[in-house]
Each structure stands twice: as C-alpha cells, then as structure tokens.
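These are the structures, in structure tokens.
What follows is chain A paired twice: with chain B in the first complex and chain C in the second.
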Partner chain A sequence: MLMFSYLMATGITTGAFYALVALGIVIVYKSTQVVNLAHGELFMVGGMLAYTCYVMAGIPYLPSLILAVAGAFLVGILTERIAYRSVLKHGLASVLVATIGVSFVLKGIGRYIWGGKGDYLAFPPIISPEPLQFGNIMIMSQQLVVLLAGIVVMGALAIFFRRTRAGKWMQATASNPKAAMLCGLRIDRIYMYTFAVGAAVAGAAGVLMAPLTHLYPDVGFVLFIKGMAAAVLGGLTSIPGAVLGGLLLGLAEQLSAGYLHSSIQDVVAFLVIMFALIFLPTGLLGARGLRKV
Partner chain B sequence: MKRLASKIGAAFAFASLAALGAQAADVPGVTDNEIKVGTFGPLTGPVYIYGKLTMNGVEVYFNKLNEKGGIHGRKLVLVREDDLCKPEGAIAAVKKLVYEHKVFAIIGGGCSNPTLAARPEIEKAGVPFHVFAAVADGIVDPPVANIYTTQLTASIESQAQIQWALDRGAKKLAIIAQHDAWGRSRYEPMLLDLKQRGLQAVADEEVTVDQNDGTAQALRLKSSGADAVMLLGYPKAAAVVIRDSIKIGYKPLWIGQTAIQDLPALQGLIGIDGALANFVSITTIPGHPDNPQYAEWRKLLKDTFPNDELSVFNLMGVAAAEVFGKVVEAAGRDLTREKLLGAYDTIDNFKSSVYPGPITCKGGHKCNQSPAFVKLDNNSVVFAGTVALK
Partner chain C sequence: MSLQALVGNRGFLALLLGALLVLPAFANQYTLFVGNLMLVYIILALGLNILVGFAGQLAFANAAIYGIGAYGTALLQVHLGWSFWAAAPVGAVLAMVIGTSLAFPALRLSGIFLALATLAFAQATQWVLWHWQSVTFGAGGFRVPPPDFGWIPIKPDYGVYFASWAVTLGLLLFAWRIMRSRIGRAFVAMRDAELAAQALGIDLLTYKAMAFALSSFYAGMAGALYSALLGFVSPEGFDLFQMIIQKAMIVVGGLGSVVGSVLGASLLVYVMEVLREFKSTQEIVFGALLITFMVFQPNGLVVFMKRWLPGWEEPLHLADRVEPAAPVLDASLADTTSVEPSASERT
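On to the complex of A and B.
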C-alpha cells in the first residue's frame, strides 16, 4: 500500500511537469494548427535565462523568473518574425520544418553560451530541498511547487482565453482564420503573440522545473516528447485536456515502472501517443469535429 | 682545390639536409618544426562535452609544451574533427584526419560506440591512436599494435565497483544502469563478473539518461533489500535516483563510476545536504577540478578558452596528452610511426600529474589499471581508497 501511495503521489507530481509542457504546445496548436517542435528548446531557453539571472548574476528569484519568462516571450516573437511568418503562406508542413530548424538553432545557441560549464547546470531549489511528509509518504517540495504552478498557469490561461479580448481573438483566428481576417483581425499579429505566449509558458515551465530537471542544452527534447504525448492524449486543442493527459501519463509511467519493470517507464509515452492516435485521434477532451445542429 | 673542396662540402651538407627533409616528408604529419596530431569526438550534439572539452584539455597541454619549444624542436598542432558521437561520423572523421589532413597520430575518441566503429579504419590506416575518453573495452581488446588507451576501461571499472562493495561486506548487490550503448559497455561486463564470482544481483533496474524522477526505481531497489547499489548512469540519472531514494528513506552504499566522479556537481544536482554520505565513485582524477592542485590547468584553460570552467573532461584531455607527449618524446627526434608505437613500451609506472595511479603501457594496451575511489567529506572531494582487482 505504501508503494502504491508513493507511486500515485509521484505520478501526479510528475504528471504536473508534463502538463505544464503540454499547455504551451496546446496554446500554439489551438491557434495556429502548428505543433511547435522547438517548444522543448524554448523550455531550455527559459531555464537558462533564469540560471543566468538567478545563479550567475545573483538577481533574486522572482525578478529572475519574470525576466526569464519575458526573455522567452521575446524569443517567441523573434522566431515567429524571422522563421515562421515568411513560410506560413506555404502551408503548415513548411512551418513544421521551420520549427525543426529553430529547435536546432536554439540548441546550438544554448551550447555556445552555456555549454562550457560542465555537463549539467544545477539550479538551486526555490524552497527547502528536503522532502515533506504527507501522511505516511514523503513528497519533494519542489514537485509541489510545480504542481501548484501548473494549476495557476492553467487557471490563468483559461481566464485569458475566456475573458480577455486577445484570448478571444486567438480562438477566433484558430477557428476560422479567413473569417477572423474579414472581421478586421490582424491574424499575422495574432499568430506572433500566440507563439510568444506559448514560448512564455515554456519559459515559465523551464524556470519552475529547473531545480528538478536541471539544465543542459538538450534538456528540452525528452520533455517535449512527454508533453506532446500528454497533449495528444488529452486533445491537442484542449487546455484541460493537456492537464488531464499530463496527469494520466505521469501515473501510467510510475505505476508501470513500479509494478512491472523500470525499463518500461520511458516507453510509456510512446505507447500513449500510439494508443491515442489509433483509438482517440482527437484525444480525451479534444474537439470532435462535430457540431450540434 | 680549396674552392673545389668547399663546394664538395657544401654539396654534401645540402644533400644531408635534403635527405633529412625527405625523411621528415616521408612521415605523414611530421615536418622539421611541426607534428600534426588529429583528434575526433563530438564537438556538437548532446554529448559534445566528451569531445570538445576533452580536446580543449589536450590543446592546453600541447600549448604548454609548445611554449617550451615543443618536443625535440617540433611543435604539436591539434587538428579537430567532429564525429557528432555517431559511428558514421567517427569513421568519416578518421578518414578525413588520415587521408586529407595527413596527421601523424590521433589522440581522441570521445564516445565509445563511434570509436568502436572507427577501429577497423584506424587499424587499416596504421595511424597511432591514443584513446582519451571512450571507455569500451572493444576499442583496445583484442589489442592491435597501433591503439592504446590511458582511460580506465568499462570492464575494469565494473569489476572495481563490485570489488569495492564486497570489500565493504555487502551481501546483497543491486545494479541500476542506463541501457544505452554507454551503459551496456559497463553493464554486460558487470553481469559477467558477478557470474564469474558466483553472485547474482538482487535487483537489476534501468534508468534513462534524461530521467526526471527515480521513485519507482528507488522503491524497487528498497524492496529487494540491496545493501549496495552499483550505479551505471550519467550524473542526472544518478542524481534523481539518489534523491528519490532519500525521499523514501532508502540509504544503501552507492558505488558510482567515472561518469559521476564530480561529487560536488552531483551533490548540487541532488540538492539535499548529506545526500552523498554513503556514496563513493571511481575517479579519473584524485580530487576535484576546483582543488588547488589544478590551479595551473585552470589558468591555462581560461587563457585559451575563456568560456570553459575547468572540468573533469578538460583534465582527462590534459592527462592523456601528458602521456602522449611523453611517448612522442621517448620516440626521439627521428620520428616515425613505428618508433612512436615502440615508445609506448617505455611508459612503465609513469606518474602522471593528473591520473590517480601509475600509467603502464609496457606489455599491454590498457595503460590505466588503477581504479581509485573518491568520496565527499565536508563538501571536499577526498581519496576514499583503491581496490585490488582479481
């Protein structure tokens, strides 16, 4: 029973990681129909910027977090303006290829700037690194921070999309770009802000998770795969779906590794992607493509 | 008559010089004032540290030699090729170094699998090859005349880990390993060694290089009752497993290997005070790069590569280059590849300024047979002991 409790608790906290990554992927896909394959590298950029501010420059944590998220937002704008906007007119496949290019460029920049300082950069824990006791199990306090942050980010995004004009513009553009343009919306600008918001969410995830994932130029790839699996499972167009997908993936990984064998843990994400694509092509909470009449 | 004699003398001197020049020209990569040495390993890609940083260490040592006039009047020039840590990349890099750059010798091999893949090409070309970082035994085993390594090989490290556990009275041994090519080069010799000793691991768990949580592995290790765990993983994988073991209250004797020898860095990754109280690791260098004994290398590295902080990888390059330089010196001014390979036999009980134990290439191609262990004591890396391999 103790083992089950530990695996469940860890599954939920690990799932919160994946949900945070998945949220950024979903935001961009929801508005542009593009899967940003450079999303993992934006996560890395956010973490590295925070490391530069917090560890290297000694700036307090909160301003470092804000600077890192703002930096990631800016990188999102730059990548859209430089790499994506000019190829958008050639179709989604071209943008997809461009995102691969951006992913390599960002990794290269990461290696150039932060690459000579050892293999992994340790990001100090924001709060006490000691595990906290809940009943008869222990949970890492930093994992709880990520879990809470995931809930906050999800809530903020829900409000953003439902209550703000910019959020509604993004949804309108995603739903029908031509109609949105006829209504006077500047969809190129909306796309730009969409990529930037997605990058900012990735940056925030990078900062929050850095004490657990640690930082190196290639940190983003595996987390992107896990985030993608969570997004596909939950539904690529659904923000609550991204969270649900992340949590289910985290639980599936932990329970299979704990009760079957640890060698299965890393395979689960790929099995989830395959399962979802075959049996749930729109995900658990994704748009079904059907309308009530 | 006098003029004729002086003309004959001049002609003789010219012919002698020409002959010497021709001799130097016959040896690839060697001129009167230069020895071209190739290196290959990952300069880019996820594991560039094993190539780029180690090469930086080699270059720093070569620079030091060159500032003192080189070896027998010849300066050492390092030519780098990126293999991306891929087998096809290593084969192409070796071909380019041998046939395009025409290097005299190669000091390199950042990743095990690509270096293994390049071995037939190196063997065929007959170019002397000194391994500086790759650990797979197959690179030098079975031995060939032109390949030597001063890195501890994977099987030596695996045997040493088991021996350390048994010497400390451990009764139940467990393994947690990465099952990639790097991990398997250690994991398989470890299973073989356990079998030869009539032992079996009570738990055999897997961890991945990018693991972010090790709770499931820690729970399985704990339920096996293992009192010593051999860790065959990179720093991040090791850090999450140890961190999550502490979380569930599991504190066995942890035995690491050279990939996790930077104990302060590992402690930093775990982030919990006292996390390495029961941890030892095999070491390439008998201390930490920040220790005062490496001050000279720290300064020389900063002078040439201002972005680098002195790391174990840099020092691995320095260490290999130091032995290589000694071999070149022993080969003499009249340098040929055959003489260089013959000179490896003169390296007998050589006390390197970096490696913890003596280096002996005489009679074998695995020149480093001295696994030493380090532990963390009051946040300082201290020597923990050695083992006698059976």
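On to the complex of A and C.
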C-alpha cells in the first residue's frame, strides 16, 4: 500500500509535467493543425536559457524564468517566420518536415553552445532538496513545485483563452480559419503568435523541469514523445484532455515501473501513442462523432 | 538512343554508377568506405522515396527498419553462425515483414497521425535494441564477422564494395522499372488523391502494403550491407538523426523521383563525411537543408536538372501535380458546419 501511494504521488507529479508539455503541443495543433515536432527542442532551449541566466550569469530565479520563457517565445516567432510561414501553403506534410528540420537545427545549436554528447548540465534545485513527508509518502519538493507551477500555467492559459482578445482570436482561427480571416483577423500573425505561445509554454516547462531531468541537448525528443503521448491520449485538440492524458500517462508509467519492470517505463509512451492513434483516434476528450485521423 | 538521352537522367545514372564501379581502382581505404556508404545510402533513399515521394506516406520508421535489417543480418551471423550471404536476404526479408505490418495502421491513419505512429514505432525499436540485451547486446553494439568470399580472391572490403554496387544497380533498375509500371502509377495516384485513386479501382490496402513492403525491403537490404561494411552494429546508427539524414536526401534530391534519390543520397553522403567530426554542425546543416528546401524548392534539385538538362524527364515527379491552394485554409471551408477544423483530414 505504501508503494502504491508512493507510485500514485510520483505518477501525478510527473503526469502534471507531461501535461504541461502536452499543453504546448495541443495549443499549436488546435489552431494550426500542425504537430510541432520541434516542441521538445524548444523545451530544451528554455531549460538551457534558464541555466545560462540562473547558473552561469547568477541572475535570481524568477527573472531567469521570465527571461527563458521570453527567449523561447522569441525562438517560436523566429522559427515560424523563417521556416513555417511559407511552407504552410504547401500542405501539412511539408510543415511536418520543416518542423523536424527546425528541431534538428535547434538541437545542433544546443549541442554547439551547451556541451557535447554525454555532458549533463545539473540545474540546482530552487528550493531545498529535502523531500517532504506527507503521512508516510515522500515527495521531492521540486516535484511539488512543478505540480503547482503546472497548475498555474494551465490556469493562466485557461484565462488567456477565455478572457483575452488574443486568446479569442486564436480560438476563432482554430475553429475556422477562413471565417476568422473574413472577420478581419490576420491569421498569419495569429499563427505566428500561436507557435510563439506554444514555444513559451515549452520553455516554461523546460525551466521548471530542469532540476529534475538535468539538461542535455537530446533531452527534448524524449520529453516530446511523452508530451505527444499525453496529447494524443487526451484527443490532441482538448486542453483538459491534455491534462488528463498527462496524468494518466504519468500514472501508467509509474505503476508499470513499480509493478512490472523499471525499463518498461520508457516504452509506455510509445505504446500509448500507437494504441491511442489506432483504437482511440479521437482521444479521451476529443470531439466525438468525427473521425479525424 | 538520341544524344538527349545521354545527357538526361539515364546518362547521369550511367555516369555515376560507372564512376562508382571504377572507383576502387583509384581509391584508398577511406575513399572506398565513402563510396560504399554512398551505395548504401542510394538504396536507402530509393526505398524511402518509394514510400514518401511516390506513395505519399509520410512515415518516420525508415531508420528503424534499416536498423532491423542490419541487426537481423548481423545477429543471424553471430548467434546462429550463418554466413553473410544467407543472413543478408533473410535480414532484409525480416525488415520487410516488420515494415509491412506498419501498413495496417497506415490504412487508418494519414498525414500527421501516420508520422506520429511511425515515430513512436521507431523509438520503440530503439528501446528494444537497447534493452533486449541477451539478443541485441544492448547499447554498446557488437562486432560482426566480415563476409566470407570463399574461392573468390578478393579482400573483404573490396568484396563488400562490389557486392553493394551490384545490389544497388539491381535495386535501382528495379525501382526505375516498377515506378513506371502500373504499380508506380497507382502509388502516385494514391499520393495525389486517395479518393480518386480508389474510384479508379486502386485497392488502398494492397498498394499501401506494397509501398511499405518495397520500401522496407530496400531499407533492410541497405542495413544488411551496412552491417558488412562497418563490421559493427549499434543502436546509435539507427536513431532519429539517421531518419533526418535520409529524409534530407530525398527532399534535396526530389520527392517522387528515382534519379532524385540517387542525386540527393550521393551529395549528402559527401556532406555527412565532411562534417563527420562535428555532430552539432551535422545536425544544424541537415536540419537547415530540410528547411531551406521546404521553403524555397520543396520539389528538390531535380527541378533544376529538368530545367537545364535536355532529356531529363521526371514523369511522376511531385512538381507536376497541381498543388491544392492553401490547404490549411481550405480545411475548414470544405466543412464549415463542423466545429472541428481537422474534419477534412478524414481518410
């Protein structure tokens, strides 16, 4: 029972983190129908920027977080302007190839600036590294920070989409780009900001998770697959779905690692993607009645 | 045979393969290795182009299938003591069988979803290669004995080179012929408009399975040759970056062009070798090549060849099809009553 509650607690905290990665993917997919394969690398860039500010330049944590998120936002804008905008008109498959090109350019830049293969940058924990005790469950305090920050980001996004004009523009473009254009929205620009917001969310996730994962240039893709699994499980277009998918994936990973074998943990995400796409194409909370694949 | 045919794409292929045939006479050990690598990548690019460029299935599993071919061949030699000549075809067929099984999700999935499912498959394959240690020897890889040439008096690396050359020639001619046959035309019809293809009596399951089978047989064969060329197999050679290299080859050469695959593969092997020491630069260059070609010339170098060289024909090349105008915008126009923008992505 102790093991079970421990696994549940870890599952929920890692799940919250996967949900955060999935959120960025869902935001971009929802409004552009593009899965940004460079999402993981944006995550890596966010983490690396925070490392540069916080560890190397000695800037306090909160400003470093803001700088890193702003940096990721800028990278998002740049990639959209340079790589995606003119490719979008050639069709989705071409954009997909362009995003994977971007992902490797970013990974190469990351490797070039922040170290070679096998170098792990250790990001010091922001608060005390002591684990916290709840009843008889131990939780790393950093995991709790991730959980709380994840909830904050999700709340902020919900407010952004419901209450702000920019959020409503994005939703309008997502549900019907032609009509949005006819209403006078500049959908080019909205796509650009969508990619940028997605990148900023990835960057934020990167900063928050850095103390737990350590940073290396290849970290992005591993987490992209997990975020992707969470997003697909949740239905790819649904923000609550991404959160639910993330939590389920986190729990599934922890439980399979605890009760089956620890190496199974890494393969759960792939299995989830394959099976969700084939047997549950609209995901758990995606739109019903439409087969989208 | 007119003079035009000599400078056209046939002339180019003959020249390149002729040059590769006489290369060993002038080459040192390293040049021979690079030439051999070029042959392996020509096979890989041909296979991937059949699947992506002709049949229009955006799959990301080719590197994994390549790995399965290499591991299959090498493991049969190491564990069961088979000779290379028996193990290579079996490895390639094994890759083909596994690759063809991917066609079944492909019938239900299209576009992005197929890409994601195959990406997940590729990563799962990596995971198996890493963790099934009793069979695959894990992350460190293992050595493969050089092929035995029996009574033929030839050094193993030269032998592997000429074997690769012969296989490449065979597979190249096969791809050339089959892409101009009924099968190739069916692939192109499927790529350009699935519904119309079905209306013309093309059975999508059969032809998608065939595209996956052909492409994974090519990848498996390339893997078998690669294991003999390097004499060493490890999971790292078959990761996502390998996929990007192959993707860049067909995009740079030209999607939906047999000669384009050869052109892209031979150029990019050279780029890869120049940058061998610099992993980060390699990643940046191949990523940037993909972006540049996607932005400026999504149909690849064969467009220029077709424009400048008389007699260079590309009957089934992507450039000839009428591009649908701004599909992203049209997606919702086709289905304005629906709330879901992706509704038009239905298969």
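Note that in this section the second predicted complex is superposed on the first by the 285 of 293 C-alpha atoms of A that agree within 3 Å, B and C clash if a C-alpha of one lies under 4 Å from a C-alpha of the other, contacts with A are read in each partner's own complex, and residues count from 1 in each chain.
Rule of thumb we're sticking to: contacts are C-beta pairs under 8 Å (C-beta built on N, C-alpha and C of every residue); 3 or more make two chains touch, one makes a residue touch a chain.
Source: prediction; values computed, not measured.
Partners chain B and chain C clash in the overlay (superposition on chain A).
Once chain A of one complex is fitted onto chain A of the other, the partner contacts of A:Leu271 are limited to chain C, with no touch recorded for chain B.
With both structures placed on the common chain, the touch criterion links A:Ser263 to chain B and to chain C. Touch criterion met: A:Arg111 reaches chain B and chain C at once.
Shared-chain residue A:Arg186: touches no atom of chain B or chain C. In the superposition on chain A, contact is made by A:Ser94 with chain C only, not with chain B. Shared-chain residue A:Pro177: touches chain C; no touch with chain B.
Once the two complexes are overlaid on the shared chain, A:Met140 sits against chain B while remaining clear of chain C.
Which of chain B and chain C touches more residues of chain A is settled by the count: it is C. Contacts of A:Leu7 after superposition: chain B is touched, whereas chain C is not reached. Of the two partner chains, neither chain B nor chain C is touched by A:Arg162.
After superposing the two complexes on chain A, the stretch of chain B that clashes with chain C is 94-102, out of 94-102, 148-156, 256-264 or 310-318. Touching of chain A by both chain B and chain C, each in its own complex, is seen for residues 108, 111, 116-117, 217, 221, 263, 266. The residues of chain A lying in touch with chain C in their complex are 32-35, 82-83, 86-94, 96-98, 100-112, 116-117, 174-179, 181, 187, 217, 221, 225, 228-229, 232, 237, 263, 266-267, 269-271, 273-274, 277-278, 281, 287, 290-293.
If you check the complex, the residues on chain B that touch chain A are 44, 46, 48-49, 52-53, 176, 179, 205-208, 210-213, 215-217, 219-220, 223, 234-236, 239, 243-244, 246-249, 262, 265, 268-269, 271-273, 305, 307-309, 311, 313.
Taken in their complex, chain C has these residues touching chain A: 56, 58, 105, 108-113, 115-117, 119-121, 123-124, 127, 131, 240-241, 244, 247-248, 251, 279-291, 294-295, 298, 323-333, 336, 338-343, 345-347. Listed in rising order, the residues of chain A touching chain B in the complex are 3, 6-7, 10, 13-14, 17, 108, 111, 115-120, 122, 124-125, 129-131, 138-140, 211-214, 216-219, 221-223, 253-254, 257-258, 261-263, 265-266.
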